[in-house]
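Alright, structures below, take your time with them.
Below, chain A partners chain B and then partners chain C, in two separate complexes.
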Partner chain A sequence: MDKRIKVLVAKPGLDGHDRGAKVVARALRDAGFEVVYTGLRQTPEQIAEAAMQEDVDVVAMSLLSGAHPHLFPKVVELVRGKGMKDALIIGGGVIPETDIPALKEAGVSEVFTPGTPTTKVVDYIKANVK
Partner chain B sequence: MENIAEEVLKGNRFALSKAITAIENEYDNATEIMQKLYPHTGHAYVLGVTGPPGAGKSTLTDKLAKEYRKRGKTVGIIAIDPTSPFSGGAILGDRIRMNELTLDPGVFIRSMGTRGSLGGLSHKTADAVKAMDAFGVDVIFVETVGVGQSEVDIVKAADTTMVVLIPGMGDDIQAIKAGILEIGDIFTINKADHDGADKLATELNMMLDLDGETKDWRPPILKAIANQNIGIKEVVDTFHKHHDHIEGNGQLTVRRTERAKNEMLDLLDARIGAYVRHNIVDNGKLDEYVQDIKARKTDPYTVVNSVLQDMLK
Partner chain C sequence: MSNEKIQAELEKYEATVAKAIAKFPERPNLPEKRLYTPLDVKGPEAYVDELSFPGEYPFTRGVQPTMYRGRLWTMRMYAGFSTAKASNERYRYLIANGGTGLSCAFDLPTQIGYDSDDPISEGEVGKVGVAIDSLADMEVLFDQIDLGKVSTSMTINAPASVLLAMYIAVGEEQGVPASELKGTIQNDILKEYAARGTYIFPPKPSMRLITNIFQYCSQNVPKWNTISISGYHIREAGSTASQEIAFTISDGIAYVNAAIKAGMDVDAFAGRLSFFWNAHNNVLEEVAKFRASRRVWAKVMKERFHAQKAKSMMLRVHTQTAGSMLTAQQPNNNIIRVALQTAAAVMGGTQSLHTNSRDEALALPTQESVTIALRTQQIVAYESGLADVIDPLAGSYYVEAMTDRIEKEAWEYINKIDELGGAVEAIEKGYIQKEIQDSAYKWQMDVESGARTIVGVNKFTIEEEPPKGLLKVDASVGVEQCKKLADLKAGKPINKMTKGRDNAAVKAALDELEAACKDENENLMPHILKAVKTYATLGEICNVMRGVFGLYEAHVSL
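Then we have the complex of A and B:
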């Protein structure tokens, strides 16, 4: 058996800043994960479909535009709707602390805000992936 | 998910995805899935896309897939990117060029890391192709990692192989070396609006003319500018032409027979290797052998002979 953790790093919505997503993608690669990166400006539908086709263990979204209260829950709903019940769904970016409880309520397992060391993201995935 | 193979045959996309995961990770149910899918394979046409890093293989594949969709065909794409030899991780980035295909229900894209395979594919690519074939797509693109000169496994996996080149990568001596330039059924010069495209075409033509009359298919040299959608129809037309040619002269059957033989022998090698390894690890003799070899009390050739004699008699 040769199982590796597979992660989709996705940029939902319209912001054009993917430096953070690329830094995270690189850190996950160096942790031995297989990282599918789909680039900027993805709709929730595209993210969910790509997650399904790639059968990823983790969907990691990065968003800096402020649209997270709408887009993160939408991705969760669509990913679960594809039958992916076990996939871990996490988010990161410029997310106000006060928004985090509602995101978790909507099924986002964890939210990482600016300043989070990449090792924390890696450790979280290793500890929580199914 | 239970009954993965049955669900794949019914056209369940998530089941196809799960089947490829089982194959790639060598899950316990992978062999059973392949046994059930195999009778339903042999219908899809497999197109190999190879060439150096940055040649535009993913962009070209994206555009070619769209052209096949316009012609009413369903498409599978297997896109391979390199696995890090240090961490075992990989960035699989080919989908970035193919985002417009993601929501097309007639297209299924899967990314794979090479996971230690050095031939431009991953060890499990052939089985992933079979899963897509059994699922029922008409055409399967296999896009290799960016290759240098000797990663030529694609020619064993594909019915028609296209080598994608770009201007400015070296002089004509590079073009007469052995390797990827020997495996192209079709050559496409992408980014043909860049300086040097005509010179590259001339050099390739001269190289291919050295083959003389020995081959009955002279690989055509096409030009494309993939990101402007230029030259795409011509490439698809040429794929069809090559398909008709090798179907007509029996080469397609020869290629597929050769593939069946290679795949069976590879599977046999892998199984025997794994079986023997497990045995000498489990019975604790591996360390003993290594110590004796290192101390020059014996040699690896003698040890391997005796291990095989013990185990395979």
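Then we have the complex of A and C:
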């Protein structure tokens, strides 16, 4: 029996822009995923804890403040530290192309930049969740 | 010509159109009506009540009698990044290039009342704006800028009182009395709860801080705009044009109510309330929105609050072009978008304007991009002719009908929010957030289905190389800022200080502030000013207030 894919949509850091996070969360829900949204201003520790508590398959972070080089890798590290080896970790927001290789190196599977259709995120999750 | 005759001719025209459409269908997703006529607008008998003259109630045609024929709008470029020193250089560059007002962007720790060395600030210092930890940073930020001459807008909300106090203190050091300072603090906490996210305290103490500022400024800083009631971020979060002005005016009603409840006379503070609109992509709808918003606010202030002074009824507005409409794809196209948005804001009669830069869907703007954005305003001002005649689109059947339509939709929302108990309650119930989210989702689905075209995103796309030369704020900014802060807190002199801060004086001022926070009848501004002058940090001051007031618990919904 297929288990529904469960996604934690997370807003790390102090950024208050959540239009993207909420639109993506709703699109994922409409695509049949189970979605939990953290709300604003989550520390990497809080996100990792929520990911574990909710036992999610995917952590999807959104950040528009430019703090992604610091915060995204930290979330990856803490989520992996909780023993969630298979959780798919993805990110999106105002992220320059030049920052993406380092984020992938740090374990962020994919980064979605402005203008990405929500269907692309849905398809990516379906194809890559373990 | 009589209406009957127009009606008869219109029917003939519609019959012709029906035949044409049978052969050549119209493009999809257009406005409901294809053509507007005198039948869609009120006649001359409604002119004085609904439109009147510029500078006259209900101010539909503008708040000043001569508008841009006297003085152009203030070209106020929002800027700030990295350290106070780097931002000070950008401000002086903008002034040297014809910018006519300053607008400070603060980083997120500053906006949420944390020092740069707080663990929660890690990774965010100097990123979306300048890091300000204490008066020492503020002194550097305005170095060689005469606060007696420039007007300064500060995008600061929850800790607005602290940044205003720092600005007053820098003014004093420059020999400029508070009574001469000109500028604006955003100070609009309700839209932070609903759309922007930099809240700290719960609504009750937040509203107290805001009314404390109204009171303090009415007596001590009379030329200061004490609030910028902002629809900008509500629109950025995804609302429609009508929702933008309706939710914002409902917020405005809540602030006026709070100040009256605190014992103020409406005409003592209402003239210093200002607004902040978004200039979005649909040029004519935006012009209609500006016009409708002035009419709605004037009616609110006159009919609901019985204001007597004309100034209390005027909706004076700063505008920013829509950041959310910038595309990361083919970023030079954004120059054209911003030019059209600028045209809308100017034909809408804004008092000041920030134009976004082409690269802001990717990063903070480079100096070259900022210069193009400023030049865009100057071209509209000096070459386009759009600023030569007051309210140039008045009398357009379409624009007048749309002004009436947006006004009607805004009243429906305002009435609904009244029924919910006002803006504070509507936000606490999640109503406003839900309405915005629904509009944002609909927009995105329209883009994805192709019902709405975004050039370069879902049509006319190309393969492109990632853009080069974007502005990057180095992580070393955080390290530098923390080092300065450690020196300050240790009582060592930093920047131009001749001696370090007196930590005993800091503690005494913070204790005094704490006591004042606990006494609801006390105005906090003098106590905050006193603390700021001891070089108490923003984080230290906000921590005292957090201790007494607690934190806002956000309503999370999808």
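FYI, the second predicted complex is superposed on the first by the 128 of 130 C-alpha atoms of A that agree within 3 Å, B and C clash if a C-alpha of one lies under 4 Å from a C-alpha of the other, contacts with A are read in each partner's own complex, and residues count from 1 in each chain.
Basically, a residue touches a chain if its C-beta (ideal position, glycine included) is under 8 Å from a C-beta of that chain, and two chains touch if they have at least 3 such contacts.
Being a predicted model, the structure only gives us computed values, none of them experimental.
> Could you tell me if A:Arg26 is touching chain B, chain C, both of them or neither one (first, second, both, neither)?
Both partners, chain B and chain C.
> Could you tell me if A:Tyr37 is touching chain B, chain C, both of them or neither one (first, second, both, neither)?
It touches chain B and chain C both.
> By the touch definition at the top of the document, which applies to A:His17: first (chain B), second (chain C), both, or neither?
second
> After superposition on the shared chain, which partner residues are touched by A:Pro114: those of chain B (first), chain C (second), both, or neither?
After superposing on A, A:Pro114 lies in contact with chain C but is clear of chain B.
> Determine where on chain A the residues touched by chain B overlap those touched by chain C, and list them.
Looking at chain A, the two contact sets intersect at 25-26, 29, 35, 37-39.
> What part of chain B is in contact with chain A in the complex they form?
On the chain B side, the touching residues are 1, 13-14, 17-18, 20-21, 24-28, 83-84, 87-93, 95-96, 99, 102-103, 108-111, 113, 115.
> Going by the contact rule set out above, which residues of chain A touch chain C in the complex?
Going through chain A, the ones touching chain C are 13-19, 22-23, 25-27, 29, 35, 37-41, 43, 65-67, 69-71, 94, 96-98, 113-115, 117-119.
> Considering the complex alone, what residue numbers of chain A touch chain B?
1-4, 25-26, 28-39, 42, 45-46, 49-50, 52-55, 82-84
> Given the complex with chain A, which residues does chain C contribute to the contact?
Listed in rising order, the residues of chain C that touch chain A are 108-109, 111-112, 114, 120-124, 127-128, 192, 196-198, 236-238, 324, 327-329, 361-364, 437, 440-441, 444, 447-448, 454, 457-458, 466-467, 470, 472-473, 475, 554, 556, 558.
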